[in-house]
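Order of writing sets the labels: A, B, C, D and E. Residues in every chain begin at 1.
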Amino acid sequence: MSSPALSVRSAHIVLDGHVVAENLSLEFPGGRTTCLLGRSGVGKTSLLRHLAGLLPGTAPAGPVAYMAQRDLLLPWLSVLDNVRLGHRLRGDAAARHAAGPRARALLAEVGLGHHLDALPQTLSGGMRQRAALARTLCEDRQIVLMDEPFGHLDAVTRFDLQDLAARLLRGRTVVMVTHDPLEALRLGHEIRILSGTPFVPGPVIAPSGAVPRDPADPELLALQARLIGELRTGG
Amino acid sequence: MSSPALSVRSAHIVLDGHVVAENLSLEFPGGRTTCLLGRSGVGKTSLLRHLAGLLPGTAPAGPVAYMAQRDLLLPWLSVLDNVRLGHRLRGDAAARHAAGPRARALLAEVGLGHHLDALPQTLSGGMRQRAALARTLCEDRQIVLMDEPFGHLDAVTRFDLQDLAARLLRGRTVVMVTHDPLEALRLGHEIRILSGTPFVPGPVIAPSGAVPRDPADPELLALQARLIGELRTGG
Amino acid sequence: MRPLVTALGLLAGWELLVWLARLPPYILPPPSRVAVVLMERRALLLEQAAWTGAEMMLGLALGLLLGAALAVLFAASAGWRRWALPLVIVSQAIPVIAVAPLLVLWLGYGMASKVAMAALVIFFPVVSSLYDGLRRTDPGWLELARTMDASPRAVLLQIRLPAALPAFASGARIAAAVAPIGAVIGEWVGASAGLGFLMTQSLARGQTPLAFAALFVLCLLGLALYVATDRLARRLVPWQPIQGD
Amino acid sequence: MRPLVTALGLLAGWELLVWLARLPPYILPPPSRVAVVLMERRALLLEQAAWTGAEMMLGLALGLLLGAALAVLFAASAGWRRWALPLVIVSQAIPVIAVAPLLVLWLGYGMASKVAMAALVIFFPVVSSLYDGLRRTDPGWLELARTMDASPRAVLLQIRLPAALPAFASGARIAAAVAPIGAVIGEWVGASAGLGFLMTQSLARGQTPLAFAALFVLCLLGLALYVATDRLARRLVPWQPIQGD
Amino acid sequence: QEKVRILLDWFVNPDHAALVIAKQRGLFDKQGLDVELIAPADPNAPPKLVAAGQADYALSYQPTLQMLAAEGLPLVRVGVLVAQPLNSLVALEDSAVKTIADFKGRKIGFSVSGFEEAVLGAMLESAGLTLKDVTLVNVNFALTTALMSKQVDGVIGAFRNFELNDLELNKAKGRIWLVEKHGVPAYDELVILAKRETVDPARTKKLLAALAEATAWLTANPAEAWASFSKYGKDLDNDLNRMAWKDTVPLLSADPAALDRARYSTFAEFLVKRGLIKQAPPLDSYLREIR
């Protein structure tokens, strides 16, 4: 099964009268990871919500896994149950049960193997984000939309989890919002910079090489400078 | 008036039975910025809360401005009123009124000059964080504690606001939690890495030169690699 | 338009119930018969409705005020909580017949004693809900306020109170819905007047249709008050999204 | 220990009130006199309290159940909301004297009609609070659930309902506090037993101290039920920090 | 003009004919009294409020007065409006209950007056039954409704001038047993009470005189009196009141100042015997004849 491409055609994104995007057309290639960069408030989250079918009048292109900017853990569920929330919500007891080992494995990989039964409020900010990441990955969807998924993580954990995400999301259609140009360069098959009000997407930037790329690669460092430059002038 | 040093002496930090730090002694020099690094869940936030006097049995060393990991904007107040919340809470109408121009100026500097009367829920994640930053800076305190203050900002905005913070917080005692080693190196007079459970602070790392430092400085890049290395082994 | 359809539907349901259960008119008169009485006795009904309506509004106003004040007091002071909270809870267990003479003694036979009794019924949901809301403030906000050296008073009035407004709205809705029965209970105190009095009298004297006409007017008053309160309550919390309508 | 001090303090306040306002014992008997009656008639009081206590507990249980079920229905279905919500609101305006004959006709003079009447009073705060809570779910959670293809049913039961438990707890507290008066109102319907009946009868016979002894027992029952409900309600929402005690 | 506040026993009804007519025809004014009639919703409250000084006079019932006096309330009877019992036991004519004895094993409804058990007990005993042979059900004010809907087989506390008419209006016929004919001593149904310490004989005398004059006039002109009465308050002009008026007028006491002490001592003994009061209070403590 190959993951579908996502496309936005002549879309208008308007929030309470604020025009975020006008007549927007945009393609996200199937089976690949697209990283969205852009100044704060430009409309990255809004675009992601548009893709997820969460804005009025929109529908998702297919089943999606959506990781929002907030972790949205349910305070009354244990970490484990939060991670298999999708199965709880959709499924019968069997499906939920079957999701258990997968959820446990994912939690172990994000470093929360010892906190399966903890309630979210006993976790640190980064631990909560990791739980939310595990929940998103546990969904096992062909389309994955992630909004700043590693923002609360230290450099090392972030590096490891980028690897994990790249590995588990290989072959899926991923749209990821990030503020870290280097992260975009490590993980993105394509990178798009959004700029302006209403925003317009910049040209596709496609670094060479397989993801996850080595951040020490001089090509990437050069591109990073270019990205920051574009962010500066665009914003 | 010189800003006081902060010191922690033989402190125990225990949260609901989880020992975060034991017999902890730590100094934060007065009038300088100390950046805290550490793996996710190591106890950075807890240490900051200890310094802010927010943990049971603790008291702050003096009046502090505290910026938490969440933005904690009040949904019923406009952005402007959120920024001068401290004055609203402490003061008579006169104090609040006097804080107006200062709050406006700060909001303009963080790029929210056109959103003074907006309610927080109409802001993007990064805009909310900027409002929270403006609120913290508006407090004008000698001791400033900040927990991942730039985590939701794009690279360019982040760079600009680092400059802003460095300028406005010059001469104050600042403790800042961050996940970005380069940010720590740009802004910190001193850098401490926390590691282990219960955590112990690593040795003081003090890069040369005045803050904010130039991130392209080769010394900083070398130190960055060292920090990441220490984070990896410590965590 | 839609509320009208609902209203007609419910009236049809009532007629059907009477018909299917073969209820005699002295137990539950059909709406058709009540409608006739409603028309014939409209002057009397209107006059009594004015009384009861006034009691309801005054009772609700007093109840909201008193309830809010007490909730804030309880949130502010452990002393008040300790001494007055049990009294407030216990006050809800007191039937009107036990305190009616006391109220008349203090407030006379006029409207004051009726409104006081009505307010006693109405204020409780407000105290309880608002006090509950005041105890559930986001701890993050409270910590923020603490680092800002806010006085407990400022925290209460500027953070905990606005944060508890949804809870207050919730309590106000309940209060509005019980306001009619509060007023009817109040009418047991002092001199006879109002829809509750009219109902008691007509029921005791076999004029069930008139009693139900009075009840119908009372329900209309109640619905109107509820809808008005609901509208206002929403305005109170514009920042909170409400699902489902 | 502290509650005991509070209780004694409040009793002293009552005695003082009687003394200062020079209230005659047939209007408000002093606690000293009520205490004597309480001792002398303890067998009678206990027996009646058992009745009323049973009505209260059954009424509360039924009210909580019915209230929760209706709130969930209203949150789930626009149809129910449209047709039954006005009925539920209006039901609060109906005085017991109007429906008593109807209830008796359907449920007889036994305990059922009393419990039904009590439940009618008790269930409303629960419906109203819980329904309010169900409408105020964090939109972020709902969006998350939507991307997870959750059925409306699953969203309701697994997200909106747990998220609304604090609101339910709030409603349950109010319900517990009005349960005693609910039971007394229920006793209006064909009771020849219970504390409410005892009160009516002793007031008619001029035995005010006995009436107040019954009222005192009723208040104790009410307080006990409230405290128990409050405890349970807290357990229901262990993840929510409560300030102030 | 001297202000006088009178608390009725309940909502205005034909039992209060003398008071209403005296007010409407200016008979109180003539005596120099400015009378205010206050109708409460709770029949228990008026005597207490008078005892507490919140009104000058209250209407109540002889059994109630005697129980209150036994409880130590400082009340005295100064006059009477209806000098015979109105209370009665009623069953539907087409039911199986033909005699009091037929109530064995059946349900009897009552509305709490405080002395229903005493009255009913005596009546049942007059037919060889006891209270244990019937089930007592508190139906509150819904006496006729309970009877007509066959929820109970009989009701005690029905007023002969009202409930029978109420039944008739609802196309049912009642069978009635008068309490004073079945083992209960006769008593004054509706009496006027005042506070013992502050009762003002001169004023009371004027009040009673006005009432006597009103009663005389309305007995002589019942139709005209009804026309006047029915306009007195809200909602008095209805079929039930019209029928009750006819039955009530002959029952009104022509001499409101009259006092039959024997009646009180007999009934006090009755109350003691039925266990409603422990000890009969001295008659003079709660009876005052004012001529």
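Quick note on the criterion: contacts are C-beta pairs under 8 Å (C-beta built on N, C-alpha and C of every residue); 3 or more make two chains touch, one makes a residue touch a chain.
Just so it is clear, the structure is predicted and the values come from calculations on it, not from any experiment.
Colleague: Suppose you hop from chain A to any chain it touches, then on again the same way; how many hops at least until you reach chain E?
Modeller: Minimum step count, chain A to chain E: 2.
Colleague: Chains touching chain A and chain B alike, please list them.
Modeller: Output, common partners of chain A and chain B: nil, no chain qualifies.
Colleague: Return the chain pair with more inter-chain C-beta contacts, choosing between D-E and B-C.
Modeller: Spelling it out, more C-beta pairs touch across D-E than across the other pair.
Colleague: With chain centres defined as mean CA positions, report which chain is farthest from chain B.
Modeller: E
Colleague: Determine, using the mean of C-alpha atoms as each chain's centre, which chain is farthest from chain A.
Modeller: Most remote chain from chain A, centroid-wise, comes out as E.
Colleague: Roughly how far is chain B from chain D, centre to centre by C-alpha average, rounded to an integer in Å?
Modeller: Spacing between the chain centres: roughly 50 Å.
Colleague: Just the number, please: Cα centre separation of chain C and chain E in whole Å.
Modeller: Measuring from centre to centre gives 36 Å for this pair.
Colleague: Once you find the CA centre of chain C and the CA centre of chain D, what distance in Å lies between them?
Modeller: From the centre of chain C to the centre of chain D is 15 Å.
Colleague: Identify all positions of chain C at which a residue touches two or more other chains, and write them in rising order.
Modeller: 26-27, 97, 101, 105, 196, 200, 203, 240 - these are the residues of chain C that touch more than one other chain.
Colleague: Using the touch rule from the top of the page, what residues of chain B touch 2 or more other chains?
Modeller: 70
Colleague: Can you list the chain E residues in contact with two or more other chains?
Modeller: If we look for residues of chain E contacting two or more partner chains, we find 44, 48, 52, 141-142, 145, 149.
Colleague: Provide the full list of chain pairs in touch.
Modeller: Taking the chains two at a time, the touching pairs are A-B, A-D, B-C, C-D, C-E, D-E.
Colleague: Which positions of chain A touch chain D when the two form their complex?
Modeller: Touching chain D: residues 49, 52-54, 60, 63-66, 68, 70, 72, 74-76, 85-86, 88-90, 119, 121, 139 of chain A.
Colleague: If we count contacts the way the header does, which residues on chain E are in touch with chain D in the complex?
Modeller: Residues of chain E touching chain D: 43-44, 47-48, 51-52, 64, 67-68, 70-73, 107, 112-115, 136-142, 145-146, 149, 151, 276.
Colleague: Per the contact definition, I'd like the list of chain E residues that touch chain C in the complex.
Modeller: By the definition above, chain E touches chain C via 11, 13, 38-42, 44-45, 48-49, 52, 54, 141-142, 144-145, 148-149, 162, 166, 169-170, 234-235, 238, 240-241.
Colleague: Tell me, which parts of chain D touch chain C in their complex?
Modeller: Touch list, chain D to chain C: 2, 6-7, 9-10, 23, 27-28, 75, 78, 81-83, 86-87, 89-90, 92-95, 97-98, 101-102, 105, 124-125, 128-129, 132-137, 139, 142, 166-167, 169-170, 173-174, 177-178, 180-181, 184-185, 196, 199-200, 203, 211-212, 215, 218-219, 221-223, 226, 240-245.
Colleague: Provide the residue numbers of chain A that touch chain B in the complex, in ascending order.
Modeller: 15-16, 18, 37-41, 43-45, 69-70, 111, 122-127, 129-130, 148, 151-158, 179-181, 227-228, 231-232, 235
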